[in-house]
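First chain A sits with chain B, and in the next complex the same chain sits with chain C.
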Partner chain A sequence: MSRAEATRQDTKGRRPIGLLLVAVPVFLVLSLIVWPVALSVFDTLTVETPSGVTLSLDAYRFFFSDSFSLRNLWMTVQVAAICTALLLAISLPIALYLRFSTSRLTGYIQALALFPLFVPSILLAYALIRTLGPNGTVDILLSAVGLPKLASPYLTIWGPIIGLVWDNLPLTLLIVLAGLGNVSRASIDAARDVGANRVQLLRYIILPRIRSTLLVAASFVILGLFSAFTLPYLLGPAVPEMMGPFMRRTIIDVDDPLQARTQAVVTFLICAAFAYFYVRSIARTRREQSS
Partner chain B sequence: MNRRNLFRSTIAAAALLAMPAAAMADVNRIDVYITGDSNIINFWNNIIKPAYEKANPQYTLNVVSARNNIAPIVDRALAALGSDVDPQVDIFDENDPNLPKGAIEKGLWVDFTKAGLANYGKLNPVTLETDYGLPYRGTQVVLAYDTTKLKPEDAPKTWAELVAWMKANPGQFTHNRPDTGGSGGNFVRRAIHEANGRDPSLFRIDNYVAGESDERLAKGFELLKEIAPYTYGPGSYSGDNMQSIQLLAQGVVTMVPVWSDMALDAVNKGVLPETTGFTQLTDLAFAGGFADMTVPTNAGNLEATMKLADIVLSPEVQTKVVTEIGAFPAISWEHLPQDLAAKYAAMQPASIPTFPGGPWVSAISDGWFRTVAPHVTR
Partner chain C sequence: MSMPALRRAGPASLGLSRLRANGAGITIAALLSLFILTPLVNVAIWAFTEIWRYPAVIPQKFGFRFWGDVLSRGDVHLAMTTSLSLAAIVTALSALICLPASYAFARMDFPGRNLFFMSFLTVYAFPKFGLYITIATIFLGLGLIGNFWGVVLIQLVSTLMFMVWIPVSAFQNVDRRQEEAARDAGASPLRVFWSITLPQVLPAISAAVLLTFVNTFYETEVAWLIGAPEVRTVPLLMVRFINSELVVQYGAVLSLLLWVPSFVLLMLVRRFLGAQALGRALGA
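Moving on to the complex of A and B:
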């Protein structure tokens, strides 16, 4: 038996076991996620008539003609966009510093930036009310030095934005930091040698190399923002609501599971678009690495 | 102790340990099933149990947490009715004797009007809804306010006075969204009562009719839209009961509706300052309710259980209801220490209207969010 033959036999013998191992998670995903999601989507697309179940877009027609629902969706999109822009703008400089600085401080700064990862969002919400809320710590400090009080972000759209940025910072930072690992010091030094200044370095050397990383970070963060619940619920305004609290209220309080599902499907479709970017970017990176 | 005695006592001890738990359910144990949260369980274990066991040393109190799973235990008692089987439950701390339907007719529950309890006559008449339930702690939505900004004699006493005060003091009042807690929820319901002739009997669990009932609700929403520009923010409705209390504690607003037990607890813990005042509307109070104890007639220790019920209604335990869990006492305030009665005089309920749940909840939530909440936004 040649060696190649032996290997082939070997993989042949292992294949059923491999498939079996994969079967368990695949079965779980199918039964616990895909199947219930499919049922929900089916429910939103059908109505019961005396002659049986027929296809209908009524649920979606209601959602897209209801200014209240659309306003909530629009607020969610706005919050997601603002948060993502802020997160990238904040985490990029920190990541650049952590990647290229040789200072001893980097360890502490990284620990500080990752700290929010370990704080439950309900604690964060009440802490923010006490600090940034009306007559909170910040107001007390401001008035101590004779400055006017803060226009409190609490119970406005900026409440959840501040909370969500704080909450999502560690994840974004870790992704951007990983992406910066692809930028070699040599290429930076080379660019510096030919006279590139800092802005040029960022624009021509660093950003092109981490573009897909930034896209991945943005997709990841947006997926989380669309399903955010605790912070918008506790810190946001009564109206417009973000989709998380809106869906909860629709199913629990308004007792309208059909509209709640419709809201979920609409949210899901928007998220799916970003998930597509993410998957495509991952696939491309894999291809590049393997070739 | 000689060897034989040692041997005997060892056997005896082993036999005792080996006895099945059911056999330990001896005739001197009183099983109390609690529906409430951990604060209520603690109250029974730390206050009522020692008081009862001291007065009746031959009995022990077994406090069991049933949370929201009380129905199967009620069914067990009903199934055992008329047989010799001990249902292993002597008293429920919070239970609706009207459920399951027909249980009263079958004679499952003790009629407290005929039970001869020594303290029954001390009960505040407004707390009594049924002969088969024994109220012992209550809570109701009241208005909490900062007495450093609003003098108690100027505190509003009617809906009209409240609205006038809000208009004179814009931004000094807030309440939470009706879906996030009963203090805001019952404030909204009070507006609905106000717009419908202050007649709570118009709203029953079984009389919601889409369209017609929505018009009644809409009249209440109109009143709320009228005051919306004068709320904190304006139109910044807080996210739950506790946030309203926090806004009052931080001096952001002067007045908020609160659950009486939560607010008293907050005062006791120092979350709200001692300068917090309470007031109730006298034209029609905010909604609330009392927890009713029920006793199955086939309880294994009926006589001892009635003694327990009497102790729960005693002025000593009822005082603790106020000081420990911040709830309303079920007995009239004249039976309680005078300083306590004076401190909470403004909270003493003259009446406790109720508002039904069911379809009304969804109609109110949807209606409020679609009409009142967007009326003004920050």
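Moving on to the complex of A and C:
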């Protein structure tokens, strides 16, 4: 037996050491993710009475009967839906071009589309206010060519939408691009040879193969939208507001931790199905990577 | 043009088809440039502007006056110090606890290994801000709101996905035969790790460290929710500039000051990781 083999067997024997090495990060996950979520779910579903803790849906009853909370939730759903549609509509053509074109422009386009990864969202918020806000670049350019001012998207629902699309474009594109890796050039060429046009190619050859990828991309975007805070807070309207700023205001300014937790659990529940698709796909890539 | 038609038409129409294909490319490139670059170029111009009155297209006066102003502001210094020490502490702690763990996940066998490894997926399973809210309610009771170490603790959790996932796959990709050969040649385990294993995983670990540092430095939401108003980081200073500063240039100069180092660091990360792996590290 060589020394290497001996050590390997040795390693197998040293079980507790492995456990010891992973203990702290695992403890962090348990105490700062699993425990807070579990506690919030438990506390929002129960009330303390003199006779002990009993089940109660009061916190949720309040949320779902409060028109203010519902308006904020509805706005978040709307923004999430619009952003998801826009992001998929923008990244799909870019991804198709990057995947199937041999032009030298692909390098430039990819660099540009990934660029937002390198711009922290707080700086983006500032840049967008200077660009789209009152007397910003868009206004300047419009007045320079003699056109009337457009209504500024700043402080409307479109402010956060533009910001969030900008911010989420790179990762959405990377997800779609990875999915397009499953569509072989040969299958495209074969379909072309029998006379398929571009629309037919997309509909019958490409889309069926990337359906699950698009679902994962949409899930990723939706999860991000329900937890968006900085961009909606700085670019969006004060009333109604998206769930991120709403939750912060409820816990800090209104000082109502119970409702803030209820709002958080509501976002978890709405996102649960998307979280499932997203996490499943991450788990799959990790497994592929490690094998 | 369909493929058979293209073959029949021969090289003459190939040029035409390439032009049309590039038409799509040029359209995409132009629209994307407009969308992505306009806000950034705009801020860069503002940073070097002294006077720019609406509705002039070009600023009336360029200059560096506001750079001196920003660089000498006390709140900028304080925020820089806070953010740099926050990012340094979080990165160091994260490396200290995660790198040994990622080695263990990649190379050792112990009970519950897969379960513990998959437990890190919970980082992705919840909308982040809702998660921070549930943590904040616990921190309220512990007096950790407005506390530097409260911020450190939560940011540590969001670094797990870089510091555990990226190094794990790097450790798994190390060529075991080289290590065994070195052991057979008489090298000590420590020597093998230092001379064989470490050089192979170093690019991935550097990428993880840089990503952690940059992300912590620019992290706004935890600092805002848990740290404000006592913990004043650079992103929070930026928020104040956006909300209540009348001099546009302060924000523009600070943006440029902040953005250039992050750009350089992340370009380095890209050299170590490549676009797809970087995307995976960030959750794509």
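For the reader, a short list of remarks on this structure follows.
Keep this in mind: the second predicted complex is superposed on the first by the 248 of 291 C-alpha atoms of A that agree within 3 Å, B and C clash if a C-alpha of one lies under 4 Å from a C-alpha of the other, contacts with A are read in each partner's own complex, and residues count from 1 in each chain.
Here is the rule we use: contacts are C-beta pairs under 8 Å (C-beta built on N, C-alpha and C of every residue); 3 or more make two chains touch, one makes a residue touch a chain.
For clarity, every value in this text was computed on a predicted model and none was experimentally measured.
With both structures placed on the common chain, the touch criterion links A:Gly195 to chain C but leaves chain B unconnected.
The partner that reaches more residues of chain A, of the two candidates chain B and chain C, is C.
Contacts of A:Thr49 after superposition on the shared chain: neither chain B nor chain C is touched. After overlaying the two complexes on the shared chain, residue contacts for A:Leu155 are found with chain B alone; chain C is out of touch. When the shared chain is aligned, chain C comes close enough to touch A:Ser101, but chain B does not. Shared-chain residue A:Asn135: touches chain B and chain C both. Of the two partner chains, chain B and chain C are each touched by A:Leu234. Touch criterion met: A:Val254 reaches chain B, while chain C stays clear of it.
Shared contact residues of chain A, touching chain B in one structure and chain C in the other: 129-130, 135-136, 234, 252. Those residues of chain A lying in contact with chain C across their complex are 2-5, 7, 11-12, 14-19, 21-22, 24-26, 28-30, 32-37, 39-40, 93-94, 97, 101, 103, 105-106, 108-110, 112-131, 135-137, 139-141, 143-144, 166, 169-172, 174-175, 177-178, 189, 192-193, 195-197, 220, 223-224, 226-230, 234, 243-244, 247-248, 251-252, 257, 260-261, 263-265, 267-268, 271, 275, 278-279, 282-283, 285-286, 289-290.
On the side of chain C, the complex with chain A involves touching residues 2-4, 18, 21-22, 24-26, 28-29, 32-33, 35-40, 42-43, 46, 54-57, 97-98, 100-101, 103-113, 116, 118-131, 133-138, 140, 153-154, 156-157, 160, 164-165, 168-169, 172, 179-181, 183-184, 189, 218, 220-221, 224-225, 235, 238-239, 241-242, 248, 251-252, 255, 258-259, 262-263, 266-267, 275-276, 278-280, 282-284. On the side of chain A, the complex with chain B involves touching residues 68, 129-130, 133-136, 154-156, 233-241, 249, 252-256.
Every residue of chain B that touches chain A in the complex is listed here, in rising order: 177, 179-180, 233, 235-240, 243, 246-247, 250-252, 359, 361-362, 365-366, 369-370, 373-374, 377-378.
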